[in-house]
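There are two complexes below, and they share chain A, which is joined by chain B in the first and by chain C in the second.
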Partner chain A sequence: MRRSSECGSAEHLISRRQALGTLAGAAVGGFGLSSLMQEAVAADMKQKGKQVLFIWLDGGMSQFESWDPKPDSEFGGPFRSIKTSVPGTHISELMPDTAKIMHHLAVVRSMSTKDPNHSTGVPRMQRGDPANRGVPYPYLGAAVTKLLGFPANGLPPYIWIKPGSAGFIYQEAGFLGSKYGALALGDGKPPIHIHRPESVTDETDAARHELRRLANARFRLDRRDSEVDAYEQSYEMAVQLMKRKELFDNTRLPAKDIERYGTHPLGRHLLQARVLLEAGVQFVKVTSYHWDTHGDNFNMSQQMVPQIDKPFAAIVNDLEDRGMLDNVVVVLMSEFGRTPTINSRIGRDHWPDAWSLALAGAGINRGALIGKTTKDGAWVDGEGYDVGDLFHTVFRALGINPNKAHYDNNGQPLPIVRDDCFAIDGALA
Partner chain B sequence: MPKPAANESVESLLSEAQGPAFDPAKAHIGPAFKHERQLIRARFSADGKFVAAAGLDKLIHVWDLESGKKHTLPGHATWVSSLVFHPKGRQLFTADFHGTIHCWDFATPDSKPLFTITGADANITRALAVMLDGAHVLSGGDDCTVRVWSTKDGAKVKQWPGHKGCIFSIAVHPDGKSVASGDLFGTVKHWDFATDKCVRDLDAKELHTRKEDFIADVGGVRCIAFDAKGATMVIGGLSNAESNAFCPGTPLALLFDWGTGKKTQEFKLANKSDGPINAVRFLQNGMIAGFGETQNGAQTELAFWQPDKSEPLHSLKAQSAYDLDIHPDGLRLLAPLFIPMGSGGNGAREKQKANYIPNASVVQIFNLFADPKAKDPKNAKKKA
Partner chain C sequence: MRILPTAVVLLALSLGAISSAAGEATHSEIDQAITAAAGGSLAPIASDAEFLRRVSLDFAGKIPTSAEARQFLADRDADKRAKLIDRLIAAPEFPLRLEQAVTVMLLERRAGGKISEGKWRDWLRAQFAASRPWNEIVHDLLALEGDPTATPAAKFMLNDEKYDSQKVAHDVARFFLGMNLQCAQCHDHPTVKGFAQADFYGIYAFLAQTDMKPNKVTKAIMLAEAPTTGKIEFKSVFKPEKEFTAPRVPGAEDIAIPAFAPGEEYEVKPDKSGLPGVLKFRLQPLLARELTSDANRRFAMNSVNRFWFLLTGRGLVHPLDMMHKDNPPSHPALLDLLANEFIGHKFDVRWLLREIALSETYQRSTRAPSGTDLNSVKPESYRVANLKPLSAEQIGAATMVATGSWELLGKAAPVAEEEPNAQETKKEKKQKDKARSRADEGGKELPTTREDSLAAFVKTFAGPAGEPEVEFAPSMAHSLFLMNDRMVLAWLKPSANNLTARLAKLSGAAEIADELYLSVLTRTPGKDEIAEVENFLKKHGTDRQQALGDLAWALLASAEFRLNH
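This part shows the complex of A and B:
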């Protein structure tokens, strides 16, 4: 299999040279030209107001029971493949609603990654599998926040809707600094204390905020900026959210929408994601856990895959109906797929060797079916793509040239993507 | 357990049946039929002369126990989920994951189905059973409805809605009038065949788990069996599932007094095993046999329980099994066992591409009597 990193096309070689040249220039210039370029990129993006919906099915959804069914192969499951809105493209019968919106999607069936473990695979995938630069790289949401800049609407730029606990997950920011972390909404609920007590008047509230700012300014005198920035950032986000309490008022949601998305966690969380994207939140991550179906894969998939099928189709349709799909990059993926072989518990194990993901929205080539697997579904047939290639693709879809933009780590320029990877062929419009 | 004697001659099987004394405490492995794909169902024919098995390769495999010869029936468009022999004739009923039921003349190789029932369920048909008089075959599956079909032509006779979850198992009571069906949520429904009424629900909720953070229901009543007189019923499945991903839990079988509907015993496996008890059978002395399923291709066990004790009297270590049947002579059990082929576990296997093959199975017979070879002092000397 020819890997992206081995690609020798003239176009890629030029891209690599350009990237290396940019990095070299950045290294010499420090905060000079490259920083200006960075600011220009961010300003441009701010104007366009691109957004991201990143859906993460933690544990690994089976590609056989979703995007790449092989019902007639020795490794195929028992479910049928069905036609989609793209002639010639079939997916699992467990995804009937998604089949109807296939013309909005680009499905990549030739992901081939390296890590078969959850503990290392999840951060590796969500960080774009960066080369070791001696610093923790940011997760995609934090990276996009840095690269696009904080949106003018004052809302948290990176919100993570997840089951379980809430909080500010600064760890996802990596070396970028805590303020680029994710505001996690446990079970989609608003942060606690979002409602100001009635006894606190507007005047009192303004006074206490002023006091906090003064205290911060004094505190900042002998502290690293990033620590105070993160604190101030999170506080300001909280203030903005307190003004937008309606974003968490589910009674405002039409019953029909609740029905269309489903009342299970993924349905509720994706509907919440739509509300947040409509409000202008720049990056929304929605996580669903327990997709690691080592046991009883087929009974579990039969129950679980419809839980992504229905709300995923609903949100893509809604984004399209609202004219937002041209502006929002949608990614639906896991850390890997699942094994072709079926184990003793009638389950499937981890399979990074050949698996699928779906893209939609801004900058994405709609209706594209990218790559293929061998007849038995076990291996990529042709060129495989790594997560570094995905990051190139997502950044380019956002209008960010990954070969020009870079991070500035206290004067040290760092690439935002692996420089041995490239955008997935055919994924971009 | 020693390696299965794959495709060992079975010519002695039927003659042996005349002699040995039933003794499940001395159960040992007998002949076996190896197959290169995973099989999940296996049954003896009513006359005890044939074995049929099916599973992931969609075909129906039939072995003649006298000659050891195998033939294949064309099978289904998808995995076979259930199979059952007619109690008298040459009919074999098989069901699949698309809700189709085929009726075969099982003794005729490569024959077409005698008839086919499509849409027997909205999705998966998971369970089949034939009434004792052979007039009707019953099916159940995802749409929570037991359906009754004529064994003559497959015409639908009637149906019994009422389950709240998919039906995993059906068994006919020895009185020939009552039917039990078990579902995902651990409910066993007692149906009166003549009146079509649900007489009562028996509660086996231990076999279902849905914790707050789960995104799927785990478990179900995976198997049902009655004792010969119909005084007790045993069911099997998985309790206390810890997640809906690995679905690890505690394998559990439950004994019910059929008259009162009360649980009288819980049966557990002796060795570590994390999957459901997929199959249970009553033996001729009232003991119960059950088979486990476990992760990573490790060994689980075929357990033999006395009705009044939770722990097994005797166990045979074995790979995971998904079905269990008893020969009409009462002296042998039959189970489709998982055989790992070295391609298991997590991926990043590009270097092993050439050797990456599906897992396999062996249709294993377990003899419920003392191993005559083990008793023979001459053989013992030779082995020494």
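This part shows the complex of A and C:
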């Protein structure tokens, strides 16, 4: 049995070709056709106005206790599986709300990645495992900001809602340059100093910024733009965000929404994410920590999985109700899954070899169930997908042709994805 | 008059301009190397004003006052730039600026451990004030034993609650050898051929026997080394077999470990009371000695590369901690020359910084000759001087000097030495944070000292803990702070002889613009800028005080102020 398939391996390529040859025309495998249509969409560059909700469950959510339950297997654990809104697809009983929105999702059960460590796995996954080009590659949010451009609404293009500290996480921009970094909101709260003292009137504020812009325009002459651009941007974004302070005013949120999403951090942060997406923020990342269940996996899962189940279902439903789901690409994932074997502390350890993630929204094949694992859940049964494949998928869902678009690193063109990977079969609409 | 040859040498020595083998001053050789490899037109030498601002920020950590700027610009002495450099090096701000820059480099904004940051800063500043050679300072960071709280230098190794040999080995490799061995902790670096796992464990082997142990009598935490028994074992996650390494500085020979009969390892045996004893053979002092010796080229090259970066904004090897074969220096012969000369000058930081600052390369304009394709000007070519972001400390000090608050705030009364009590420090920090956030929410508690004001800037502008501050990383948090912080806005209200008070006393637009631009941007305004001031004051004449504050704010918030250009 194949443990994992690396992008670019001969085996991987052959099996793709086989998929093309044998499945083209069949219901699940309109691969050839849909990929042609993708080209057409990309050519149309219809990505304007597209948004991304990227939910990161840091530490590694157990696929057994979520998307890929194996209740009757040796390692399956105590939880049962339940029916979902997609006939034939079952998920863990810990996700009853998500089961009801399964028809909006594409679940990939055949992720098979390489890195079993958090410290290297998190950046590797969020960077799409680029081949080493001697420069640090951007994280997904920074990449999308670069590829889609800064939105006309002037709001920060990339906001990261996370527990703990806030700040501007320019490191995520990699070689693209600091302005593509993430604006991190600690616990979803607005940056400090967002409130202008009363002593500064609207008129004064406008006048002083006008002077500042004029000074920068003079400084620019015969100097490289990048530093001035980045500095200018930090002001313009602040000006825009100050106009939208209400986005952080939780008292404006209906009590019913707060109850539906939950009052725990992940619930509050996903509700905040909805507000920001509604306002037009292009890329919202929501991070939740402590999914690293090396000990007491089952009690931990019983406590934690519902914390993603409820607000995840709520935000997908809300985006759909608002007509936004056709526009927002939703990704829910971790850096890896968890071992089938249960360790002596009743925990599951790191397992990159076979795990699951969920996609929804723009360009995504709704209701799709992609790939499967062996009976014991240990290995991918059939084609496995690496994170490079996921990046192809997400970019295509956004209307970006990953084989045509490239970054410009001081005149040197660099690919936006691994060119030896492909979009996940059947994940795209 | 005939000067005897010996007198010439003595004169040269007193100026610090010791000539190299080729008989030329190092700063000229810098320029030859840069010019030879430029591959395009070079920017002209920066104006006196631009030079004054640049060198003041680099050597004093702040900008000059408008009076100081006027004096320098009016000076007709052809040698005034060199004289200014020497004045700045002799001034008390110089060791402070070096201390701040080196603290950011070595501690990377990480705070913690048993040794207060204040003690560390005082110690480091004293080293630079006394012109201690760089290799001796680094030696002191590593050759430690006994009660670390008695030695502020120990903060480098003990900036956390626990002593962590792995972390220290990682930091030593990065900061002193230009080797980022993070990947090499678990396996040979996958892409960098020169960074082997054995290099990491060779350094680690010097440190692995050291740990913190409490002295049972005094309860003091003692840094003590246990006897070394042999080579260090390690295992790659990619290879099945175990490997071994002796203590070894990368590129140097293995250290032979003498064998002692059990019980014979100590000169003075460990005391039952908890005193660590005196070993016959210790590894950690050997690391300090081997690492910083003249024979270790890597140490000298990494050192000059980092000081070069401090002044030019770009390492000859860049990234700074990626000094390996596949990432060669932009100017290999120059790096070699500087390393040789630095060793020859006994690791004299003043000499090195002075030579760099005397070079035309350092003194070039940040403006390209007009018509130049800016995309073709690579930062590593130094054809045009690179823009350098101001550090948090530089922004704070420069903002205070520009607004005239520097004089008004004055120095804090000397505070009683902080007890190295983590809990108390945390409590203090909490109180300070609380005061700050109250101020942000509209309270009236504004900082009243330079130190506290600077702390507010550092809190906002410092990079994330554990990250090197290399790239310009402007953030919305920075701009919101300058836009809305009550302390900053208060500095723009007229008070005593501060900037806006001085401006308010002037009547003509030209005079006002002159004082404003010299105070904030260390240069005289252009015609268009004088006209802008005039029009702005006309348009907003109803509230002249506010208008003057807005004019000053716009310059403080400009890219020209935020960057060392």
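In this section, the second predicted complex is superposed on the first by the 367 of 429 C-alpha atoms of A that agree within 3 Å, B and C clash if a C-alpha of one lies under 4 Å from a C-alpha of the other, contacts with A are read in each partner's own complex, and residues count from 1 in each chain.
In this text, a contact is a pair of C-beta atoms (placed from the backbone, for glycine too) under 8 Å apart; a residue touches a chain by one contact, two chains touch by 3 or more.
The model shown is predicted, which means the values in this text are computed figures rather than measured ones.
Of the two partner chains, chain C is the only one that A:N132 touches; chain B does not reach it. When the shared chain is aligned, chain C comes close enough to touch A:I194, but chain B does not. When the shared chain is aligned, chain B comes close enough to touch A:I342, but chain C does not. After overlaying the two complexes on the shared chain, residue contacts for A:R223 are found with chain C alone; chain B is out of touch.
By the touch rule above, chain A contacts chain B in their complex via residues 1, 59, 71, 74-75, 77-80, 114-117, 163-164, 264-266, 288-296, 298-300, 302-304, 307, 336, 339-347, 349-353, 378-379. Interface of chain B with chain A (complex): residues 37-38, 40, 56-57, 78-79, 81, 96-98, 123-124, 142, 213-218, 243-248, 274-275, 293-298, 319-320, 322, 338, 340-341, 343-350, 353, 356-359.
Residue ranges of chain A in contact with chain C, taken from their complex: 132, 134, 156, 166-171, 178-179, 181, 183, 191-197, 199-200, 204-205, 207-209, 211-212, 214-216, 218-225, 227-228, 230-235, 237-238, 241-242, 410-411. Listed in rising order, the residues of chain C touching chain A in the complex are 190-191, 327, 366-370, 372, 374-375, 377-378, 387, 389, 437, 440-442, 464, 467, 471-481, 483-486, 489, 526, 528-529, 532, 536, 540, 546, 550-551, 553-555, 557-560, 562-563, 565.
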